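I'd like to ask some things about the structure below.
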Amino acid sequence: MAKGLIKGLGITLKHFFKPKVTVQYPEQRLPLPDRFYGKPEFYYDKCIACNMCVNACPNRVIKLETETVDKKKVVTKYDFDQQYCLFCGLCEEACPKDAIKFSKDFELTRYNRPDIKIEFVQPDQVERKKEEIKKAAAAKAAAEAAKAKEQEEQKPADAGEEGS
Amino acid sequence: MSQKPLSEIVEELRSKYPGVEVSEQGTLTVPPDTLVAFMRDLKENYGFNYLTNVTAADYMEYFETVYDVSIVGEPHMFHIKTKVDRNSPVVPSMVPIWGGAIWQEREVYDLMGITFKDHPDLRRILLDDAWTEHPLRKDYKYEGGRE
Amino acid sequence: MTIKTEEFLLNLGPQHPSTHGVFRIILTLDGETVVKAVPVPGYLHRGIEKLAESRTYTQVIPYTDRLDYLAGMLMNWGYVYAVEKLMNVEVPERAEYIRVIVGELARIASHLVATGAYAADIGGLTGFIYTFRDREDIMDLLEMISGARLTPSYMRIGGVAADIPDGFIEKCRRFIDYLPDAIEEYNGLITGNEIFQARTKNVAVLSAEKAIDMSLSGPVLRASGVNYDLRKARPYSVYDRFEFEVPLGTKGDCFDRYYVRLLEMEQSAKIIRQALDQLPEGPIKGKVPKVIKPPKGEAYAEIESSKGIMGTYVVSDGSTNPYRVHFRRPSFVNLGYLDEMLKGWKIADVIAILGSIDIVLGEVDA
Amino acid sequence: MENLFVNMASGMRSLLASAGLPDAATNFVLMFLKLGAILVYILISALWLVYMERKVSAYMQCRIGPNRVGPLGLLQTTADIGKLISKEFIIPRCADKKLFLLGPILIFMPPLAVFAVAPFGKDMVAIDMNIGVYYFLAVASLSTVIVWMAGWASNNKYSLIGGMRVVAQMVSYEMPLILSIVGVIILTGTLNMSEIIRAQEDVWFIFLQPLGFLIYLIAGVAETNRAPFDLVEGESEIICGPFTEYSGMGFAMFFLAEYANVVLVSVMAVTLFFGGWHAPLGLTFIPSWIWFLLKVYGMIFLFMWFRWTYPRIRVDQLMEFGWKVLVPLSIANIFVTGIGKYLYQTIRW
């Protein structure tokens, strides 16, 4: 009659002496798989400002703003409002350049609500990018100018040759 | 029990109920006034004893209630629709035929605002009792939200 | 002498340890006996069906995770299956097999929670911890393949998001081999316990006719002896290629409803084993355009989720957003008969009966 | 070691006597000290038991349990009590204030009062009462009233149901509890606890009264409201029973009193069935009071083991089991014991 009762006692007693499964969290950590969706990471230099991630997001988490410098798009703002994020990974999937990725950092709690929003783009980054573009444009312009000059220099010679 | 093939049942039903329209995918559209007789016939004479799903959709000019009925243990299934007048959205309740409609019809009533005649307990189910609108209607506009 | 007695109202929930979330039952009690019960759902209503109307077809997938959050994979599947039916998309074989594997894993996880939570409802907390210990392995597996434990959003229209990662199959096999030992342990600790049996046997007996009439599905229906499992009755995906049985109860009492789940876990393990053996090579995503724009029309598709029949009704108006999405949530429909089931039982039985139906409030309230 | 506490008491007595106190005053002071020592023991024991329960439950559930506060988490309960003290004590608006406040104050009375007659070791009993067992049964059953009072005064339906369950359960299980002890009393012919222990010098009564012990064990678990008989505070049904509305220190008092009751029932079990402070197998080099405590904590481990293995029984099954199984069995036990003793006496003498 009481067979089940005694068997139950046996099972709990057996586990009393068995090794435990607890992971002592802050000191010990379980390995996370590569696909884990933790804190998002944004690679500024890879981003081509195509807006794919913004459109892929089901919950309008990402805010992307651009500025056009010399006909090239510069990302001036990439805000990730993490409190609305579903961690579905659709933005990562949509991105053609792997500019947004999810890291393995899962400790996302913050003491203050404004801190939840991640503003990825730093002003100096934008400045640098703008500088780079300008420099590149200038270099290109210079190169073109030099080329044009060369051509011009060659031209009269050619013309002279032709004329002779 | 051995079931007749679905196409035969459809033919039979079509001859019995002239108002029934059959689409290419096999969806039956039944006029609301013959709905109860049609459903009762389905259950009692064709053995469709299991009502899976009751829902509704809003097409701005009219509502459509949707019923999915099947037979326990068999692959047969019917997708049945009824057009409901949007100004006076009343359809007969399926609860006397299949008890399982009780909560699903309450949900439709709650979110779509279609009244089910002869439903034993037609109250709001998901939303607050004091709510006055029906959010799944297409003309429902909610206020608030973020930013 | 006659003693004047009075019935009183007891508000069970919405915050109560054993309503598995925010569910409320207004009980009219005569002493400890239930005279009348009025279930009140809706405390977790987020309006997923309405939200879906302003999302694209792919964007709805993460929301389906939040229906039955104990088996998010199966909810994903139910939705993408309906959209695929609407678009007539062919899903590659490998994707189907992966779906079966993760779906059955999710089913085991969900049943483990049901088993453990039921033990806790009856009062034995240790069983709860044991089942959660073993569920952790499944969570690890799902995390490995989808990147998230509870809300995978792993399935895509036409296939799955990513292929099976390295080490997944071995880990999965190890878990499947371990599962029978775990079930043996639950049987010893929970099922075989005389007190547990006294609490659950012959409690709230549900006849097969009534269960069919009330559109109950899943283990609740099968516990009453009704053989209705969509994986067998109307095989979808590749379920017709696997050999498995549909465990049935005999009486339809709380014990049967509990025990059918335990037996189903064994069958699910059997399916996973076969799927791992047969797993073909090939693509994991069918030919689906980048922007999903199904033709005008509608589709209703059903799958067998861990709680019962999960149906999805999708109406398309030809645009990128679904015109109307409706989810037939098994937990919600299964609760329809709760008020009648509770009548005449004690307060303690209310918990036992509610637990045996195994609801998830995310699914009930959508 | 053996006479550590006895010597302390006699040393104290001679000290007081040499200080020129009259005999009556010396006795009074000594009694006061003894009861104070018992109070301290109970409180420390309750704290320790909360920790032990958490550790035992954790180990049975493949967990580690508290291990952060202090070495091995030993200070966890202290920290918890500190937290509970600093919390607000909320009195519900419609509660019966006086009774509501009186509940947690009174709940410690019955166990404290009973411990006065508990023999912790050889010659270590605060008051050697010749109706000790009777006193234990009478005073221990008082806690029913207090818990019921707390449940009623809370003006909460869960509390009320819990309170009703307390009364029903206690009354039903007091019967088999008392009747199971009667067997022991028939064997010894005394109600004095020290006498009962002395009678077990050769053979413990668990061997003479196995059925009596089993009934005592079951009824004792029910008396302390622990699983599988924890209907009173079955948290999956009625939240916390009569204690639902209590917060802060009020809750802590009920919580600790539960453990005091567990100690009490275990002390009685050891006294009546496990030979009290007698050392088993002649291992007398360990002091008697250590043996006693070892046996008591062994019993408590058994209680905890039950709790973390078994689910909860239903209220009607509880009543049925009490009245239809335990009471007839215990009466049969008395009957068999009586016949056995009569036969034993007629054959021997």
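Should a chain be cited, it is by its letter among A, B, C and D, assigned in written order, with residues numbered from 1 in that chain.
By our rule, a residue touches a chain if its C-beta (ideal position, glycine included) is under 8 Å from a C-beta of that chain, and two chains touch if they have at least 3 such contacts.
Given the structure is predicted, the values throughout are model-derived calculations rather than measurements.
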For this session: Just tell me the minimum hop count from chain A to chain B, counting one hop per pair of touching chains.
Result: 2
Seminar exercise, completed: Of all chains, the one whose CA centroid lies most distant from that of chain A is D
Exercise. Once you count every C-beta pair in contact for both, which comes out on top, C-D or A-D?
Worked result: C-D
For this session: Could you tell me the distance, in whole angstrom, between the mean C-alpha positions of chain A and chain D?
Result: 63
Seminar exercise, completed: Whole-Å distance, C-alpha centre of chain C to that of chain D, is 45
Exercise. Measuring from the mean C-alpha position of chain A to the mean C-alpha position of chain C, what distance in angstrom results?
Worked result: 35
Problem set entry | Per-residue multi-chain contacts in chain A, two or more chains | 5, 8, 11-12, 21
Problem set entry | chain D residues counted as touching two or more neighbouring chains | 60-63, 308-310
For this session: Once you've mapped the touching chain pairs, tell me: line, ring, star, complete or other?
Result: other
Exercise. Pairwise, which chains touch?
Worked result: A-C, A-D, B-C, C-D
For this session: Using the touch definition up top, name the residues of chain B that touch chain C in the complex.
Result: 25, 27, 49-53, 55, 57-58, 66, 68, 72-75, 77, 79, 98-104, 107, 111, 124-128, 135-136, 140
Exercise. Which of the residues in chain A end up touching chain C in this complex?
Worked result: 1-5, 7-8, 10-12, 21, 30, 32-37, 56-58, 86-90, 93, 102
Seminar exercise, completed: The chain C residues in contact with chain D across the complex are 8-11, 16-18, 31-32, 119-127, 129-130, 133, 189-190, 193, 195-196, 198-199, 346-351
Seminar exercise, completed: Given the complex, residues on chain A that touch chain D span 5, 8-9, 11-13, 15-16, 18, 20-22, 24
For this session: Can you check the complex and tell me which residues of chain D touch chain C?
Result: 57, 60-63, 157-158, 161, 164, 227-228, 230-231, 234-239, 308-317
